[in-house]
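Two complexes are shown next, each including chain A; its partner changes from chain B in the first to chain C in the second.
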Partner chain A sequence: MQALRTNEAGLRQDGRMERLRLFGLSSPALVLILVILVIPVGWLFYLSFVGSDGHFTLENYARMVSQRSYFRIFATTFRVSILTTALCIVIGYPLAYFLSQVPTRVANICMIAVLLPFWTSLLVRTYAWLVLLQSRGLINTWGISLGLWHEPLPLVYNLTGTLIGMVHIMLPFLILPVYGSMKAIDGNYVKAAANLGASPRRAFWGVFFPLSTPGLFAGALMVFILCLGFFVTPAVLGGGKVIMVSMKIVSNIQLFFSWGAASALGVVLLVLTVAILWLASRLLKLDQIAGRGH
Partner chain B sequence: MLRWFRSPATDTQITHGQRLWLYIFATVVMILLLTPTLIVIPMSFSDSKYLEFPPKVWSLRWYAHYVNSPDWMQATWTSLKVAFLTMLVATPTGVLAAYGLHTSRFSFAREVFVLLITPMMVPLVLVAIGVFYAYVKLGILYTVLGLVLAHTVLALPLVVIVIGSALRTYDMSQENAARGLGAPRWKAFLTVTLPQIRFAVVTGALLAFLTSFDEVVVAMFISGGNNATLTRNMFNALRDQIDPTIAAISTIMVCVTTFLMVMVQIFGQQRKPKA
Partner chain C sequence: MRANDREALPISVRGVTKTYGPVHALKDVSLDVRSGEFLTLLGPSGSGKTTLLMVLAGFTRPDCGSLKFGDEEVIRTPPHLRDLGMTFQNYALFPHMTVAGNVGYPLKLRRVPRPEIAQRVEAALETVQLGGYGARRIDQLSGGQKQRVALARSIVFEPRILLMDEPLSALDKKLRDQMQIELRHLHDKLGMTTVYVTHDQREALTMSDRIAVVNQGRIMQLATPRDLYERPANRFVADFIGDSTFLPVTRSGQAVAFNGTPLVFSAPPPAAAELTLMIRPEHIVLSHDGPREGANNFSATASDIVYQGDSYLLNARLDDGSRIALRGGARGVNLMALPAVGDRVTLVLAPEDTILIDASEA
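Right after this comes the complex of A and B.
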């Protein structure tokens, strides 16, 4: 009996060693992420608290509160992110609904319109918008030659151009999860609602829409988070008029070599991102609990 | 046609006619989604210095300009080399990580998984300046090694997610059976498990290649000199002027990525069991 028990304990220990060895297989990936990502970002975190004299300071953070230009940058970042997310919802949700309602064969073909931009390089699409929107670009040339307007419209190098470019780039990130959650809805629910006398509108808003919100929530969150840290499109299409946090970070490094200021901005951006993700995951959990209660 | 308008589109008795606004809206949005991606293709074959559509005179002028430019060729070569090496490093590393995490079943596996996908959540600009700072200290700024390491970290989350989800649908008892019959674990993995998740491995590898090939922000900081990437040069050219050469390069990039993604779709389809 005694021998048997030690044998069992030994086996359990062997199993644990085996599992540890297996876990060790993840170590190359973890070491890479640690060395290339976690330690450098941690170092930036440290730098953000060091002043030019090498001592601890909060001046890099104080500047963000005291200087109006920084406040404006954060306000712009949030305004662009919120507007982009809202436009993506307004444009993307009906398209996802369309895709979920048409026969699968049609949906698969239409899906190309969502997937082709999705995998095309960001730079290529930003460049294309530059070509389309500039004062001598296609849209202005056509608009003027058709007599729709007489002066070239300022469509690019401003907020308008930035929003057009960003909405185009972010749309697939919204459409794909929304479409996924719409496809998962059991059509019988809507049928039951109609059967019980709900008008099509009522059946949609009362049954279909609430069931599609997990995808909508996930997609909107994804878009918003990506927008907060976006760099390429606002840098090219904003023409220096739309300055977002990421652009300020880059110019702090490339033009002013001020690591402290850039790091502090980066830390704030990261904290904001993590806070939003954390908050969203809490809300989502609450949502699931509430959902289960029904 | 009229009958189609009046026919019900759904079980809630809404007709196609009442849905017409949706069909029109969706068509317009799909055209707007496709146009900017596709319009550069005909424009790249224009003879004009100004981008025009449709081109008045067709020519391969900008392609010739691209191919004959040592700078663009150098950048293309660097991008391809870095993307290929990233794929070679990220795929096995990611497969090992996903397999280790899946089989060891520790209670903290979830936290480790989150750590593995952090590169997706940290704003790219922050990754870029962090890596830039680290590379200055390590002396590997503007090197292929540095680019490959940074891009591998960015590609790892995708590989881990793709392989992880393949392993979850894979029946591990097959590997256990092989081991029960005397095969060592590595052999059981290579001969039994790996062949069955091979489509996920190929998908992960292609995504890793694409991640590196398309990456701009990090490359902007840590690539340069003889090792400037294509995206870095394109970004700089975009800020300066609208050079039609970029339309030619864009066309080539659209073709390359479309080819890779069609491969991903094909492999992805084969992975799913036929119902």
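Right after this comes the complex of A and C.
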């Protein structure tokens, strides 16, 4: 029996070492996450339960329930995020489809155009929209001089301006994953559908679209989550009429020096975001099962 | 399956040309597939056989030409209106549908009532010996099962023409051999006109009524497997089908000589100026008692002998330097009686196995 177990201990040790080395590679990232994410978030969580007198309190949370304005801020945040996500899907999905169908060389050039905004500062892009959209801005000036409309359209300092700016900034986050999942769809699936009698429209909705949904869900979720915490664009283009949670957090700190209230808002936003992620992952699984069932 | 409700359709291809820039994928191809026939397009990769199949299916638009299913011109008909079954090389089963969802898809598109869909799907699955697999997911199937589902999906709507693009290439050899026989039986049972694409000559010889050998966008020869093997029309076909030795011969009128020695042969040689002698390795035999009367004898030196399980392969070098291969059954042969490397041997070719072909490539 002894002969059959040759080198057993040594081989097991080798396996352990291999796993340890692999773990070693991820340790810088783990340390970083601990330092810049887990500790600050934990600190915020703690702060949200401390009142102005330095004692434990729930007043920061009670205020959110009792004051209507807080409810409105959360409602606005979700409405803006949902609208932005929906517009990104309506604009981004067809564009991603176009990119996935043209030859790779053309697609690469177009992709540069899609990604170009990524290389420009967020602030610059937001102020650029301000220049374009304001009542004496480029769009209104041209529209009036071309006789398309007569009074300056209210394109900025409102929900419209906020949405225009946010959709523009979020679009690449939707297009990239959708494009990725479309490129991964074997062209033979659509050919097979056509061969079996599906018109181009039915082949698209019956085969291509369902196979592209993983990318669509991933992209939409990313856009939605990013929108929930967005600050710069709504602050500049909303003109104080579109107040989102992030802006309330800033004003709590900068105007009222109330770290506790700001932290509580952050915690609630974080909890809601996690809840949405969890719900979405549940729904996606259900959807996959339903998709396989029919 | 209701096999004979709808008659099989003949296919007629006339003058089809397809170019990709300067490359001719198909050069003025004409081909007739008889109704109910199993015809194989056989050729090396890049020969144009798949392009021709894609033209039949409607996925490739040719530059010019005519394509008729029966009497109907379909060259400009989009793929979804051609009503033909097709299996793809990698099966192309929809991963977001079950087995039954896949097989029922063409029926759903044709607005067949639900109960009838369920019934016909199950019948099609039984035809390919996968009865009861309807609820499985595609990723739960083995390669052979996927192949069967793809087949069921392509025949469930009873198309009168079935196209198959290298359907067995992804399977292992044992399963492939078994599926070849099964596909052929299925074809005989359902009776639809079948066009099959493969680069595997053995597969083509096993399954087909007729084989079209395709090379460089043209059909080199269209013949039954037996004619193709025994009477290849040209050097390319002879070379592509089977492993042959080719020896240069000289012609003067009806007389043909190799290395100055006149050859005896039973079939008249083709009318070409340049001829080549084709020797199949299983046609030439080893003589232990010297040259034989009335046959063609070659003296050679054995260069190596390879044992291959069911047979042995003897490579020899003729006196003029050309190489020749001989294959014999290994069973019952005393391998010790085979020549050793370097031995002088006499190889004998009977007149009926002495096949003279056109030496040109096309």
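A few comments on the model shown:
In the analysis below, the second predicted complex is superposed on the first by the 240 of 294 C-alpha atoms of A that agree within 3 Å, B and C clash if a C-alpha of one lies under 4 Å from a C-alpha of the other, contacts with A are read in each partner's own complex, and residues count from 1 in each chain.
Note that in this section a residue touches a chain if its C-beta (ideal position, glycine included) is under 8 Å from a C-beta of that chain, and two chains touch if they have at least 3 such contacts.
The model shown is predicted, which means the values in this text are computed figures rather than measured ones.
With both structures placed on the common chain, the touch criterion links A:Leu269 to chain B but leaves chain C unconnected.
With both structures placed on the common chain, the touch criterion links A:Leu22 to chain B but leaves chain C unconnected. Using the contact criterion defined above for the overlaid structures, shared-chain residue A:Ile91 touches chain B, although it does not reach chain C. Of the two partner chains placed by the overlay, only chain B lies in contact with A:Leu122; chain C stays clear of it. By the touch criterion defined above, A:Ala194 reaches both chain B and chain C. When the shared chain is aligned, no partner comes close enough to touch A:Ser181: not chain B, not chain C. In the superposition on chain A, A:Leu211 makes contact with chain C only, while chain B stays out of contact range. Comparing chain C and chain B on the residues of chain A they touch gives the larger count to B. When both complexes are overlaid on chain A, the residue A:Ala203 reaches chain B and chain C alike. Residues 191, 193-194, 198-200, 203 of chain A touch chain B in one complex and chain C in the other.
Contact residues of chain B toward chain A in the complex are 9-14, 18-19, 22-23, 25-26, 29-40, 43, 50-51, 53, 93-94, 96-97, 99-101, 103-106, 112, 115-116, 118-119, 121-127, 129-134, 149-150, 152-153, 156, 160, 210, 213-214, 216-217, 220-221, 231, 234-235, 238-239, 242, 246-247, 250, 253-254, 257-258, 260-261.
Those residues of chain C that touch chain A in the complex are listed here as 57-59, 78-86, 88-90, 92-98, 101, 105-106, 109-110, 137, 153-154, 157. Interface of chain A with chain C (complex): residues 186, 188-189, 191-200, 202-203, 206-207, 210-211, 291-294. Contact residues on chain A toward chain B in their complex (touch as defined above): 19-20, 22-30, 32-33, 35-41, 43-44, 47, 91, 94-95, 97-99, 101, 110, 112-117, 119-132, 134, 136-138, 168, 171, 187, 190-191, 193-194, 198-200, 203-204, 225, 228-229, 231-232, 235-236, 246, 249-250, 253, 259, 262-263, 266, 269-270, 273-274, 277.
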